[in-house]
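Shared chain: chain A. Partners: chain B in the first complex, chain C in the second.
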Partner chain A sequence: MQGHRIEGADKVRGLAKYTDDLRFATPPLIALTATSPVARGRVQIDTSAALALPGTRCVIDHTNAPRLKRAILISMCEPGTRMPLQSDQVEYAGQPVAIVVADSLHAARDALAALIVTIENHDAPAVVLSDAENRLKSVRRAGIGPGAMKKGDADAALADASVSAEVNAHAAPHHQNPMEPGAVVARWDPDGGVTVHAAVQWHHLDASMIGQAFGLSWADGMTGLLGRAVLGTSGKSKVRLHNQLSGGAFGRNISYLALLLAPIAAKVAGGPVKLVQSRRDTFSLMSHRSEVKQRLRVGADTDGKLKAIVLEPDIARGNAAFVEPIGEMPMQLYAHDTHRLTTRVAKLDLPGAGWMRGPGVAHAIFALEQAMDDLARQVGKDPLDIRLANYSEKNPANGKSWEAKALLEAYEVGAAKFGWRDRPKGGSVRPDGRVSGFGMASAIDLGRQFPAHATVTMTKDGRVVVSLAVSEMGQGLLTGLTGVVAEMTGVSPDRVEFKREATKEGYAAGSIGSTGTYSNAAAVKTAVEKIIKKLAKAGGLPKSSKLQDGMLVAPNGESAAISDLLSRTGDLTAKGRAGLTFGASKQAKASFGAVFCEMAVDPITLDVEVIRLVGAYDCGRVLQPKIARAQLIGAMIMGMGQALMEETRLDRKRGHWTNAEIGEALVPTQADCPHVEAHFVGDTQGKPGALDFKGIAETAIVGVSPAIASAFADATGGVVHHLPLNHAARLAAVSRAQFSFKEAAE
Partner chain B sequence: MTITFLLNGETVQVDAPPTRTLLDWLREDRGLTGTKEGCNEGDCGACTVIVTDDDGPKTLNACILFLPQLHGKAVRTVEGISGPGGKLHPVQQAMIDHHGSQCGFCTPGFVVSMACAHMKKRSDFDDQLAGNLCRCTGYAPIIRAAKAAASEPVPDWMIDTPLENVQNAHLPENTDELAAWYADHPDATLIAGATDVGLWVTKQLRDLAPVAFLHRCNDLQRIDIAKDHTHIGAGCTMTQVLEWASDHFPSYAELIRRYGSTQVRNAATIGGNIANGSPIGDNPPALIALDAKLHLRHGDMQRVINIEDFFIDYGKQDSAPGEFVEAVSIPHQPNHLKCYKLSKRFDQDISAVCGCFNISIENNHVTAARIAFGGMAGIPKRASHVEQTLIGQTWSKETIKTAQTVFSKDFQPLSDMRASAVYRLQTAENMLMRYYLESIGEKTSVLEVQP
Partner chain C sequence: MSAFDITEGGTPVDGAAWIAGGTTMVDLMKLGATAPSRLFDLGAQRDALSGISETSDTITLGALTTMADAAKHPAIRGLTAVHTALVQAASPQIREMATLGGNLLQRTRCSYFRDTRQPCNKRVPGSGCPAIGGEDGHHAVLGGSAQCIATYPGDFAVVCVALGAEITIRASDGSERKIPVQDLHRRPGATPHTETALQTGDLITAIHLPKGGAQSYIKIRDRASYAFATASAAVVLHMDGAMVTSARIALGGLATVPWRAATAEHVLKGSMIDQKTAFAAGEAALQDAHPTLTNAHRVELGIRAVAKAILSARGNSV
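The block that comes next holds the complex of A and B.
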């Protein structure tokens, strides 16, 4: 059915198979991971009791694990920095130190319980920024973002500014926590290659990681990867990575350790192995969003127009090259004269941090929007008006014009749908005795394009087959791409087939940074255009002809049946590529949005309830409005979780996460969810023939935490610069404000 | 131990160790992988199944449900929600139509919870689905789907009846059998709803043998209203207690509504919640405030104590080896009880502070006060100094303010990941003011929040 999710019917029946659900002719052995309870030291493992159990097949630690080679990883995730099980050095709590392989899940659990893990000489770790002052180093680059930037003399401009605001924002680490804990199945093949089943977000990248680590052929190494990404070559790959449905990911399923642990286990066990992750395992075997402190100062004139932005983030990084790219976006949102960015990074004794929805930008915009609110208060402007006053037609960071920007419309539509201009005064008392607050914020996320190579075949029997190794994590990419192909070829969606599971399929842009859909769609589109040209040639029609309802139709109305043409030409295949410039272009590209929040605060407990969240987003062309809106709403609720509850805490002595479980690392439940609205603005139809997509899923997490913090401040006067706004932060903020509810009520 | 039950309409016999969970058995032994593991500790609902016993159908989390707990019952998994030939259940169709599924990992759990609510004609979807977490959708489309399916008839394949005359599986069948066996095996672990014990197995990988299951002791699962008190058997689930409390102590009922989730309340027993001695269990403060008595039993011997005396110290309860909780009884009384639960997340979260207040006022004077807190000390504890400060005084804001100053004599709370000490003490004090304001019908918003 049009607009329905392709895998929907299987999912509601429980028939959709995730990696842990797969059944194989030779059932794999089961592997579980033992992790270090402390952050630093040397590990020794007594395996005798575990090995003595009847169901145990083997135990693998650094003494008998295969030696892995270094891998160059553009994802910057942990294996690019340190490969698992290569030495007795423990560098973070939760680090994998052994794998038990057994006949069944139960036998594996018994074996795990029987392992005796001893860590010697562990010295004190540093796992939070406040314990790592001496580890902070200035950086020129922070992950994919800049570490240092300068436009004019921002410090002088700040000193001269008539009005200024300072925000010291702090964000606790937290985890993506998609609902699937995840498993990886690995089997070594007779030709020395490896077959892996897993859910990954960036297929070829992670296939290459496995190839590099195990020293397989050049085709599986960096050269092979570049060949595939840039030239679209296939090469004889020995890593057969089968990408399975993913039970959510949100940045977590990129270059994770289990992709290496499972092949290690299979190699030593000498047979196929399924490595199963428990929920607790995912907290350290996979990435997290790291702790960030930001000192942000802004200067403005008496109208609140920005003169200077000075941003000094301190960012925690774990055992991976990845650094939360805080500096990337904040200079691109509002018009300003000068700016300076000076980033410091501290390597902490933690698992590798990594990608999570809205990397960098979600936190950066939180700080910036708090500063904007402060300016608004000082110059006596409405929060919306101060944003309008600082609206920038061009990208303020580099002067490029935007490909499209409907932020003004987003403000207008969002404010109208919310009733922003007629809202009651913050701090007024609701009929239920709670206190009202209202807040708003802007959202932005950069648009990027990555390489993709699609091979499209139109068959004589009327199917369209697309070879492109895209990842489906629930975002609806498959459904969206199917829609693009159906629209361009005039074939009904159920005749469009995607071959995406195996490494041999075309190189696809990863499902990362909301870039998957449009990068891949661009490649598909190029391929289909080539097919149309071939068909036109066969039918003697002009190249500008279009495919509609089984016909090739020329602009002058002349037409030919596609089936006739194909019966003459045979199946037609064409390759399409896109994104080879990685999105570099004359124009800047970003999604924009505006978010509005209504909140009720309980004056006794400072419990907050978000009553309404209304967002308006310019995400460019919208493929499947229902699916796209669902993405926006899901992201807004995740933003609410980030604002109010999501936080993974650390034990500063031993260095481990203290709430590594879903019952303690809270995420929103149905009962926490407010009335949510997401509206699309801008050119949602797109220009004819163009693929003017922008990102969707990341943009919508961006403005939510600042809008919620603003609403809390509006209700109570308590300005919270800590994420999440937990009870302690709320209480501290309200006490700082010396706010009395009594006064507010009177 | 051989266990017999119905699985999606088909009788199955299972020989398995007693602490084998239904989830592992379904996925590993039966190859029914529709039921998902999202957490293995009762928090996410991805493993939700419908279990039908004599009381009808209810949802339970399969990850903390041991196979023996199913003996004689009927189980329906997501695979059994669609009908013959794969015919979709109305909630399944609605989930497709309303895009209630994105990554789909939570979907089987939601579908099962929704199908059970649908069968029971429940429209309080927020409560029915609070135990199912979804990280993708933001829930709105799921709720829309639940509403859309509500008016559709219940498909006939959904109707299960429990098995009759199942063979004895060496499970205690009544309290006397249990008492005798436990007196002989005082080192055994009792398993009631397994919402605690389940985690010892799935998270801590503990070996529990020997164990005794309480769920077949029907005589432990009754709520009897006697002349001067209500007698609640230790095996009553929180769902049963919620139903009873709604009529007698609505504020206690509201507290239980926020206890775990539907799935957890359907499993957890009041006896287990008391016996585990947790300082943050939600029942003990309410029961202490209600002046409840605890009925303990060892073999043929029974004794009755004040419930607050059961909690001696953190991890230490007044019970002897082989002795167990048989019941709790609550004297009839006018309803002055108010329970306030504070947690990091409003629903489905363990209390940071749980305060229960039962204050009698005559002629504007406090004649009696029973106040108890969870989360403020190593045990559920009475606020004795606060009570003494109130009793005999006029019921006024000044009295409350004076009483607020003595909280620190009763409690020196700790800071932990649920709340800071300062915040705990502050809100505990504020809760008393809220009780006062509510009693005089004033809005609580005129309060000062001053640390």
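The block that comes next holds the complex of A and C.
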């Protein structure tokens, strides 16, 4: 069943279990969260009416919630020192101010409606960057990326450059909004530990947050020597987190507040509790992609070769440590002589921001590619040629050679499949009266690796059991890893068993940043290599032997049946660790791509239709082409949503997200989806024995928004530096006189 | 959602309401934005009150006809603007449930109205209107008051106003009256919670659409499906050769009620249609707009919607 998701059939038949579907011997009470309607003030809650209702078990607010300890920075989107329900201070709209616990969902709703929440409102909040000029502070680091960087004297080089371009890009905040709103079940255990059922992207990290907050243990978030030194042996933690499937996540299901609220509720209620999130809750109890402004200036010679890149981002931060890592990637895409990065961050009165597909890079490449288009116009080059002229053999930021880079092939294949070189002129009128535009952009995303710790057992009856707590959010990781394990061990995929749901299993790298397959496969590989050594010893074969089709095969062709060897040795177990250097190595690693867009624009209404999106991607070895292609296409459509419509709006006086509903926070519908093609380039087979995986989905969201903005500019002459490129932004870029009258007069 | 009764017989009195397809009603009850104590299910009257009939100059639709059934009917396909407004509204799933009577009476999408944590004069009279001076990007630039600037979101009613359509209303005493759709919706004024000319217990039984005229409905929105109009325009033209003898124009997505743009109609009357007159009519239609910094672009969008609708109605006339 190559290419079919292992859990796919269950999902289609409605048998797949999400947290909300779990049934327990003792049915949990139901908890709902009351949140603040405004961003600042002090909260007072009158609970008497809610408590008087027959179905209400308890109401928890800052006066009776257990005191929590802070959780140190691990994922950066955890609340840190701002633990929920610890004081009457309101710091953002949507902040949890109380939890009601009741016998049923209906009773909980009634209790929630009966709570009287009063906020004594003080000063006005700042929730958008334009209201927070006085809060901007220069930073050395912006989240996981650099905040300040310098190569040569970029300002002088910019001043001397023959050609220069300036882009002032602005991107509105928006939310990940996967399908599942989510629920968290918590139960305190007799030994003082806590069992939590929740959809998460990184089991041990979130177990660590819970452990720290409730004073249980923080070591689950660690791995390797440090973790073991602190924890003794793994599996002793009193935080028992169970993760079923998650109905999408896109970065949102990391260190979210419900993971703390449910145990709080269970503690006070004295029994198991299920905390249910409404869709509106998810907008403030979970993270979002933050607002970013970028001033980008580039200087080039008359051939369009980059001499200087000066990037000055202003980034919004909410009530978490997370900062969108804008500065990380733009210096790694094109050859250039000098650069300067100066980042400022403003802490706003918003919920914590967090990870979302293509963190930092999606915004950053939008600005850079707009500048490249401007340079191309100025030096009279085709957009593709200016990118070719700035192609860099080495990583331009640190001079390292790339482990693999097939960007040139991506340009070539993408352009050929799209017909880029023979495209009609931008602005030409289509038979239906609309105007055509064509645009393209490059894509890049850094290859990272995170620590993982797998235990692999080969059993006498021919199964391979892997203990590794990986998350399956629909991205196909489980299927991909099962394929890798099957290949490494020479058994068929249906004999591979993943034990992945509970934190008692091996520490896995989180499903973030398209790093899951690479990081976790590396840990499994190390374990399998140890097993091979043991098998080889038992069979008198060299250590360099491989497992293939049920045999251990030596380089000289000599072989022995694995089942025979295992019947001699008994079940074999080995542990494997990887990623302790977080992927740092002598060579630089990144995925690359090129994406091409055809658009039609109505000259009167400025309605746009993306007609075609064609991408070509070097994402290393492609294990399951069907799943990988689905990931690419999905991410390209997500990029289109980011380009055209995704934004969560804010009320600047009260400070809340206004369109916090799935019907109002727009994402593309099927009717918006163009003809989408994704092609693989580079070494899709991988070198024998090497893993050679790179990120897939994160890369494919990058480049789409600039390609779409370029196509719009090509059609209309209007340059848009604001995302989303909605009607307001389009109207600001194109006047009637410039475009509509001229074209519509035809 | 708070507890409520549901019944099939009888007529709503204070605090109670009709329910047809429920796509507006149940949505708002789930949010807590409306909480009728009792619902009177129109399901039992569905057979009697749905269906489409035609005379030489009018198409009559039962008020319980679903949007999907109406859009499929050959007679409706002949009324281009009506057909467009129906198929571009909501989603196919919703259109299967939603009735035309319910559609006319759908409530605003104002985010403050839908979020029960926020004040709102329409939901809780006297509590204030945070949209004014707040996040008003999708609020009305026409027909607002100091108490409420909520946009009427629907499409079909806008076309009905442009066509000069009427509805039949049956009162709780059984008496029937006919009013133009244009008189159904009330501007918010000092009483934003009073939205229509209907009394409690009044039932819309039928909608009467005049035939004829070159027509078009243009809906500008932020995505290709399943989105309300950012600005829309319905135009019905009667032409003598290339000259407009009469025009009716209505705006959607921009005003507190489906908005008849009479000034724009005067601009067109007696003129030949070209891009210039189309835009001039658009400008006339929006001349009384009261935009704010955050929704000013929708004035320009409204002008463009009208211009496009006029040009395509002319196109549809040949």
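FYI, the second predicted complex is superposed on the first by the 716 of 746 C-alpha atoms of A that agree within 3 Å, B and C clash if a C-alpha of one lies under 4 Å from a C-alpha of the other, contacts with A are read in each partner's own complex, and residues count from 1 in each chain.
Here is the rule we go by: a residue touches a chain if its C-beta (ideal position, glycine included) is under 8 Å from a C-beta of that chain, and two chains touch if they have at least 3 such contacts.
Remember, predicted model here, so these are calculated numbers, not experimental data.
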item	value
Fit or clash - chain C, chain B, common chain A	clash
Touched partner set for A:734, first chain B, second chain C, both or neither	first
Touching partner for A:109 - first (chain B), second (chain C), both, neither	both
Dominant toucher of chain A (residue count), chain B or chain C	B
A:669 touches, of chain B and chain C: first, second, both or neither?	both
Partner chain in contact with A:650 - chain B first, chain C second, else both or neither	second
Contacts of A:179 with chain B and chain C, given as first, second, both or neither	first
Which of chain B and chain C A:89 touches, first, second, both or neither	neither
First (chain B), second (chain C), both or neither touched by A:587	neither
Partner chain in contact with A:9 - chain B first, chain C second, else both or neither	first
Which superposed partner A:633 touches (first chain B, second chain C, both, neither)	first
Common interface positions of chain A, toward chain B and toward chain C	109-110, 113, 280, 602, 604-607, 609, 645, 649, 658-659, 661, 663-664, 666, 668-672, 726-728, 731, 740-741, 745
Chain B-touching residues of chain A, taken from the complex the two chains share	4-5, 7-18, 20-21, 23, 104-106, 109-110, 112-113, 177-181, 245-250, 278-280, 429-430, 433-435, 473-476, 602-607, 609, 626-627, 630-631, 633-638, 645, 649, 658-659, 661-664, 666-673, 676, 726-728, 731, 734-735, 739-742, 745-746
Residue ranges of chain C in contact with chain A within the complex	1-2, 32, 109, 111-112, 114-118, 130, 133-135, 137, 218, 220, 222-227, 230, 275, 279, 297, 300-301, 304-305, 307-308, 311
Interface residues, chain A side, partner chain C - complex	35-37, 109-110, 113, 117, 280, 602, 604-607, 609, 644-645, 649-654, 656, 658-661, 663-664, 666, 668-672, 726-728, 731-732, 736, 740-741, 744-745
Residue ranges of chain B touching chain A (in the complex, touch as defined)	24, 27-28, 31, 33-44, 46, 77-79, 81-82, 86, 88, 92-93, 95-97, 99-108, 111, 125-127, 129-143, 203, 205, 340, 342, 344-350, 352, 417, 419-420, 422-423, 426-427, 430-431, 433-434, 443-451
